Each structure stands twice: as structure tokens, then as C-alpha cells.
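Input: structures, listed below.
Both complexes shown next keep chain A, but they swap its partner, so chain B is in the first and chain C is in the second.
Presenting the complex of A and B:
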């Protein structure tokens, strides 16, 4: 349903062109959930905005993004406006600031319906009410005229979901939808998302830096590092046997999870260093410099995808030599 | 909402009382005996005393203050010393010039500044933006009375489209009266519009960076529709604040501009009253100006509540 091929995003700055996302390919089928995981600065959100066509004007996106066979990158802004909110919905990280403080939540949900489906005010309001009930807002009829500041963070995120789903999109992109929420509320929101994906048969891209969230929700997982996917596969495979040294590092850095090296009472591991900024990335494998298994050849060229036997693919030249 | 209204209204009354007290005290402390000014330096001491008694100047200050306040409430503003007519009448005629002038100036300034600010922000760092910023730079730098003189030179003397000043009155021909106010209103509006356009621009730019704007775009709204439905209302709060503050500058500007255009307005009345030391008129007109400014700021507070639902609730 969604097919991304050789996607790259470059942004013009006073210091020259910087590459934010590169060599990104994946396919998402309807009714499935793709988790995209990586540290801050790995290009996850840029990837999401590139699919939405909402990158700043100084950014250039190349490659191919096909939604149900239609190439999104060749569409004009006007055509994209007919797809955004209609065929692709998006949920954002900060429920506190993602809603217009001066507009009732009913109007904010109804707006997309009136815009895309040409519904009248009354009909759109009725649909907004149904949506509010569907996303689990209690006393929905009264809440319709409430303003965002009168709702809790969890409720606001539910409203965000209602807005994104108003026109029953084929694809839903959720960019860190639970990061700003309390842990108990996080689980409720993830459950709601999973339910809705199953019910509406849409494809979901779930972006998170939290492996736990991805493990619970995603059918497939794409691991991004410094603007590039480094490993991808079914969540089951990937979580039982991570291949890329970066993915392994992520697992070891997770409290309460058994990494390949963790024993009882072992110290929580960290990955030394930080994700290199765009423009300061190593020429070969992007993880070079932080990788414990680095050799000279790692810096020669960007590694192609490789597999070890039947394993999921990873961009690493040393898969066979890893412990 | 009702509670907010009542509270703002109460604070309006208190501010007005404080303003009246300040005006009264300042004029009380100032040197100069109104009776002596009216009768001239040659006046005899017993005539002076008689006039002081007639004007009530021999009574204690607090009594006169309360009298003045009482008069204000009943619409009796006392007698002008130079014009020898009731100040209420004098002021009513002048208000009929100054209030329409101020309203026109605000309308022109807003009609110019808000669209310009929006256009500049929507075309950030492009030609349109630079054009608006240049206009704002020039507008701020030009004093309104001098701009008024330029307008007279060009539109009245050179093109002959407008009379160079004066006011025909509303009774004869309202259209002509409006026309007479147009140039002075533009002169008053320009510097205000320049500042307001800058405020609108920066406010819109700030709101454009907000998350909810991205949410609106993710719904599929075009840039233009997002700007109108989501950005503008939120961006107006600082704009309205500045408009409220500008009103006091507008009143001060009216004093100068009414003189340039020889309009029989409140500003000109105040100017004349000052040069003639007509303390009764000064006291009343200054309080009136203060009341107008306070009233406008009351309206600004109401506008906040209308613009921002969060403020409606916090009462």
C-alpha cells in the first residue's frame, strides 16, 4: 500500500546542503504496523514529514513514495492537500501544543471532514461526536464544545487521533504519539491505536525511540541511525535476534530487557557518543566511531544490506564476525 | 464571562477615580490663580475675592474635588473661564470631531497593518516581506504632524482634492465632514500602522512555528486557509494589546494633528485651553482623554477574552 524507494531528504543551509534522510526503502501493507525506531536525530520525524510532504521549503526530497500506486513526490502542493488528512492522517508527539487553543475540539475534528468530504457543519459535527466517542472520550457531547486547555494530555491525544482518523485515511503516521504521556495513559493510547488499525484496516507507521512501545505494537520494525535504515525485519525476528551492532546497542541500553551481553545484576549498557549531526557523518558506515566492532573497512563505503543465513537484513559488513 | 466583565468594570472605575484624583492634585499644586488669570493683572483685590468665591475657589480642595466628580456624573462640567460657556457643551461639540477622527485612524491603521503583517509573515524574507519592513521603517520614522503637512501640500495645495483644513460640521453634509477628517486620520494612522504591521508580522511568524499549525496542515488545509483559520486569531492577541497602547499615542497625536488641520476637536480645545490657562477646561478634557484611554483598554481586555478561550475561563 505504501512503498518508499531510495528516499532521501536534503536541506539547504547557509553551510551547504545537508543530508537528513538517505537510502531509505520500505513497504507497508494495509492493516499492518511498521515501527520505526532510533535515537533523536536519526531522521525518523523527517521521514514522516517527507511522506506527508510537510518538510520546510528549503528541503528537497528525492526517490519515490507511492501510496496505493500513486507517486506522492510528483504531486503539486494542491494535490497533496487533497491527500493529507484524507488518505494519510498524522498524530504528533505533543498533545499539549498540537491543538489550536482558540478553537473548540469539535470544530477541530469537524474541519477536516468539511474540507475533504464537503460535509455541512451539522453533519460534520455529528461525525465529530461519533469520533470522540470512538476514541474513548467520556461525555463526548459536552466535550465537543470544550477547548483544548480543558482536557488532560491523554484526552488531547485522543482528540489528536480523532482528527487524524476523521476521514478514514489509508495510512496513519504516529510520530512519538505516547512520548509525552504518563505511562498508564501510554498503554491505553497504544491499545486504542492497535484497535483502530485493525478495525479500519489501515497501515500504521509508528515512530518511537522507545523499543518497548515498538515491540508491543509493530508487526515490522525499521531501525534508523543517522538518517539511514540500518536493520529491518519482522519485529519478532528483530527483537529475538538483533543483528546490527547499533540495534544490539539499543537493546543493551534498555532497562529490564535481556540484551545479548546482559547477565543478572549487570550494569545498564550505554552506546558511547552521540548520533553525529548531518554534515559530520562518517563517509562509510554511519555507526563507525561508536561501534565496538569497527575495522578500517567500515569507513570505506556505506555498507549494503547483508544477511546472515535466514536473518533479517542489516547494513553491516561484519555480520559474520560478530559475537 | 459575566464575572470577568464585572471585575474588569470595577477596575475601570477605580482607575478612572485615581486618574481624576491625579489630575485634580496636579492642577491644584500648579501655580497660577484662575481668578487672577480671568481678570487680568490689573484687577482689584476685592473683585478677585468675589470671583474666587463665585468660582468656589475659597472652599477646601476636597469639597471642590467632590463637586467636580459630582458634576461629572450629572454631566455638568462647569463653566469655561475663557469661553464663558458650559464645558459640557464645548466638549460635546469637540468630541463629535475627535471620536470619529480617532475611530477612522484606528480603522485605517488596522486595515493597513494587519494584512501587511500577514503578507510579510507569509512571505518571510522574500520581496513582499522586505517591502513591508521598509514601509514600517519609514512609517515609524515620520512624525504624524509633519506627515499631515505633506498630505496638505500634496492633496490640498497641489492636487486640490481636499480643503487644507477646517471642519464643515456634521449637520450640513456628513459626507463632506468625513472627507475633512480623512487626511488627518491618515496622518494619525500611518505611524501606528507601521508599528502595528511589525507587531502583526512577528506575531504571525511566531504562531506559524506552533505545533497546531502543522496539525492544521496535516489535515490537508492549504497554507492560505491555515493562515486565516488557525494562525490569524491566535496572532491577534499581541496586536490588540499594541492597539490598546497605541490609543493613548493616538490621543496625543490628535492634539498635534488637529492643530495642523485646524480641526475643532478635543485636542485643539486642550491646546487652546492650555495656552489660555483655562484650568476648568484643561481639567475636564484631560480627564476625558484619560477616560477614553481607560475605556479602550477595557475593550482590549474584552477582546482578549473573545480571542483566547483560556482567558475566558480563568475567572
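Presenting the complex of A and C:
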């Protein structure tokens, strides 16, 4: 349903072109959830905005993004407006700031319906009410006229989901939808998302830096590092046997979960260093410099996808030599 | 009411403004004497000798002149600021929405307009269409357009950076729709504050224009012309200058305080630390 091929995003700055996303390919089928995981600065959000066509004007996107066979990168802004909200919905990280403080939530949900589906005010309001009930807002009729500041964080995120789902999009992109929420509310929101994906048969791209969230929700997982996918596979495989040294590092840095390489009672590991900024990335493997298994050849060229037996593919030239 | 008690500036400014408005409206139906009635016997009479505030060089009742002058002054200021606000907000928000060359053109036009003081443009407009109320309204209105264009643009640019605008864009809304539904409601408070402060400036500008003779034409009463008329009699009858001067100062002070008070209430982040 969604097919991304060789996608890259470059942004023009006074210091020259910077590459934010590179060599990204994936396919998402309807009814499935793709988790995209990575640290801050790994290009996850840029990838989401690129699919929406909402990057700043100074950014250039190349490659191909096909939604149900339609090439999104060749569309004009006007054509994209017809697709955004209608065929692609998006949920944002901060439910606090992603809602207009000066507009009732009912109006904010109804707005998209009136705009995309040409519904009248009354019909749109009725649909907004149904949606609010569907996303689990109690006393929805009264809440329809509430303003965002009158709702709790979890309720606001439910409203955000209702807005994103209003026109029954084929594809839903959730950019860190639970990061700003309490842990208990997180689980409720993730359950709701999973339920809605199954019910509406849409594809969900779930972006998170939280491996727990991805493991719980995603069918497939894409690990991003410094603007490039480094490992990709079904969540089950990837979480039981991570291949790429970066993915392994992420797992070991996860509290409460024993990484496959860590013994019982081991100290929580960290990955030394930080994600290199765009423009300061190593020429070869982007993880070189932080990788414990680095050899000289790692810096020669960007590694191609490789597999070890039946494992999921990873961009690492040393898969065979890793412990 | 609690908000009023916590903001004395707002309370005081609001009271002064309300008083001014009431006086202006009252002058439409009642003044102590007809403001244009000439009674040469009480020429230059000091306050309380003829009427409450005395009489001017034609023996006209000053209290009545001030009241009627308030109406002229305020109505010109309101219409001019409203026009300037409509034009400026439209240009400013569109500049923020479209960015690029549209923004560049609007802002450079604003710069050009800003380069001409209101008084200068009023004299130019008066030279074209003759002095009068329309001249004053156009001159003050034009002067207000770039002020509002700048304020609206910078406020709108901040709103455009907010997540909910990104959310609106991700819902497929275009620049115009976002401007009307998301940007304008969120900058309205700021614009109201700016309008209040611009009203004070407009009252001052109108007085200046009338002083120079390009504002309200005689015999219609005007604070500015009362001031300019008083110059000849400054030593004999100083109240001729003091009273309209006080009226102007009080009006400007009232609107300024109201504007400051409103800003404190509407945007607590800008509130000055006591």
C-alpha cells in the first residue's frame, strides 16, 4: 500500500547541503504496523514529514513514495492537500501543542470532515461526536464543546487520534504518540491504536525512540541511525535476535530488559558518544566511531544490506564476525 | 471582576476610556449649550463664570465644545484604526502564510509607508482631496496599516511554527484556511491590545492634524483646533489651551492604560515583574 524507495531528504543551509535521510526503503501493507525506532536525530520525524510532504521549502526529497500506486513526490501542493488528512492522517507527539487552544475540540475534528468530505456543519458535528465516542472519550457530547486546556493529556491525545482518523485515512503516521503521556495512559493509547488499525484496515507507521512501545505494537520494525535504516525485519525476529551492532546497543541500553548479550545482573549498558550531526557523519558506516566492532573497512563505503543465514537484513559488513 | 481588581491599570484605563466614550455619545444628544453657539458677551470667560469650563474667543461654551470634540476625535480615531487594522492584518497574515516574495513585497511596502509620518501623508492627501474628516481618516488609517501588518505578521509567524498548525497542515488544510481558522483566533488578543494603543496614537494624530488645519473643518469642534485657536489668547485666557490639552492627554492616557492592562490580562508572559 505504501512503498518507499531510495528516499533521501537533503536540506539546503548556509553551510551547504545537509543530508537528513538517506537510502530509505520500506513497504507497508494495509492493516499492518511498521515501527520506526531510533535515537533523537536519527531522521525518524523527517521521514514522517517527507511522506506527508510537509518538509520546509528548503528541503529536497528524492526517491519515490507511492501510496496505493500514486507517486506522492510528483504531486503539487494543492493535490497534496487533498491527500493529507484524507488518505494520510498524522498523530503528533505533544497533544498539548498539537491542538489549537482557541478552538473547541468538536470544531477541530469537524473541520477536516467539512473540508475533505464537504459535510455540512450538523453532519460533521455528528461524525465528530461518533469519533470522540470511538476513541474512548467519556461524556463525549459534553466534551464536544470543550477546549483543549480542559482535557487531560491522554484525552487530548485521543482527540488527536480522532482528528487524524476523521476521514478514515488509508495510512496513519504516529510520531511518538505516547512519549508525552503517563505510562498507564501510554498503554491505553497504544491499545486504541492497534484496535483502530485492525478495525479500519489501515497501515500504521509508529515512530518511537522507545523499544518497548515498538515491540508491543509493531508487526515490522525499521531501525534508523543517523538518517539511514540499519536494520529491518519482522518485530518478532528483530527483537529476539538483533543483528546490527547499533540495534544490539539499543537493546542493552534498555532498562528492565536483559539484552541478549548481557548476563544476569549486568550493569545497564550505554552506547558511548552521540548520534553524529548531519554534515559530520562518517563517510562509510554511519555507526563507525561508536561501534565496538569497528574495523578500517567500515569507513570505506556505506555498507549494503546483508544477511546472516535466514536473519533479517542489516547494514553491517561484519555480521559474520560479530559475537 | 477579580481580574479587574488584580489589574489596577486595566481598571483605571477602562474607567477613563468608558467615561470618554460616554461623554462622546452623550454629546450627540445633549450638551450644556449648543457647541457652535456664539455669544460674544461671554468672550474668553474663565471657568465657572460662564458655563462649567468658561468660554472661548467666540464665547462658545468650552464644556460643550470638548464634549462634541470627543465625538469627532474618537469617531475619526476608531474608523481610522479599524481600517488600518483590517488592511494591515490582512496583509500581515497573508505575508506570514505565503512567505517568499509575497512576504517580501508586503514588508517592503510597509517600510515605505512607515517612512512617511502620518502628518506628512495627511498634508499630501489634503493637497489631493482637500482637508476634512475623510482626509484625516485616510491619513491615520494608512499610517496604521504597516503597524498592524508588522505586528500581525510577526505574531502569525510564531503561530505558524506551532505544532497545531503542522497538525492542521497534516490534515490537508491550505494556507488561507489555516490563517482564518488557526492563526487569526490565536493572535486576536494581541491585535486587540495593539488596536487600543493605536487608538491613543490616532487620537493624538487627529489632534495634530486638526491643529494644522487638515482635520475636522470648522465650525465642527475639535480638540486639536481648540488648541491651535488658543495660541493667540494664551496670556489672557490660558484655560483655552489647558482644557483641550488635558482632554487629549486624558484620552491618550486612558487608551494607553487600557492597552497595557489588556496586555497583562491577555498575555501574562509579557507581564512586567513588579
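Here, the second predicted complex is superposed on the first by the 323 of 323 C-alpha atoms of A that agree within 3 Å, B and C clash if a C-alpha of one lies under 4 Å from a C-alpha of the other, contacts with A are read in each partner's own complex, and residues count from 1 in each chain.
To be clear about the criterion, a contact is a pair of C-beta atoms (placed from the backbone, for glycine too) under 8 Å apart; a residue touches a chain by one contact, two chains touch by 3 or more.
Since the structure is predicted, the reported quantities are computational estimates derived from the model, not experimental observations.
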Quiz prompt | Fit-or-clash call for chain B and chain C when the two complexes are aligned on chain A | solution = clash
Practice problem: In the overlay, answer first, second, both or neither for which of chain B and chain C A:149 touches. | Solution: first
Quiz item: Can A:90 be said to touch chain B (first), chain C (second), both, or neither?
Solution: both
Exercise. Please work out whether A:98 is in contact with chain B alone, chain C alone, both, or neither, and reply first, second, both or neither.
Key: both
Quiz item: Between chain B (first) and chain C (second), which does A:82 come into contact with in this model arrangement: first, second, both, or neither?
Solution: both
Quiz item: Can you tell which stretch of chain B collides with chain C among 21-29, 39-47, 57-65 or 129-137?
Solution: 129-137
Practice problem: Name the residues of chain A shared by its contacts with chain B and its contacts with chain C. | Solution: 52, 54, 78, 81-86, 89-90, 92, 94, 97-103, 111-112, 115-116, 160, 163-164, 166
Quiz prompt | chain A-facing residues of chain C, complex | solution = 99-100, 162-164, 166-174, 177, 181-182, 185-186, 188
Quiz item: Where on chain B is chain A touching in the complex?
Solution: 210-212, 214-223, 225, 229-230, 233-234, 307-310, 313
Practice problem: Name, in rising order, each residue of chain A that touches chain C in their complex. | Solution: 52, 54, 57, 78, 80-86, 88-90, 92, 94, 97-103, 111-112, 115-116, 160, 163-164, 166
Quiz item: If you look only at chain A, which of its residues touch chain B in the complex?
Solution: 52, 54, 77-78, 81-86, 89-90, 92, 94, 97-104, 111-112, 115-116, 147, 149-150, 160, 163-164, 166
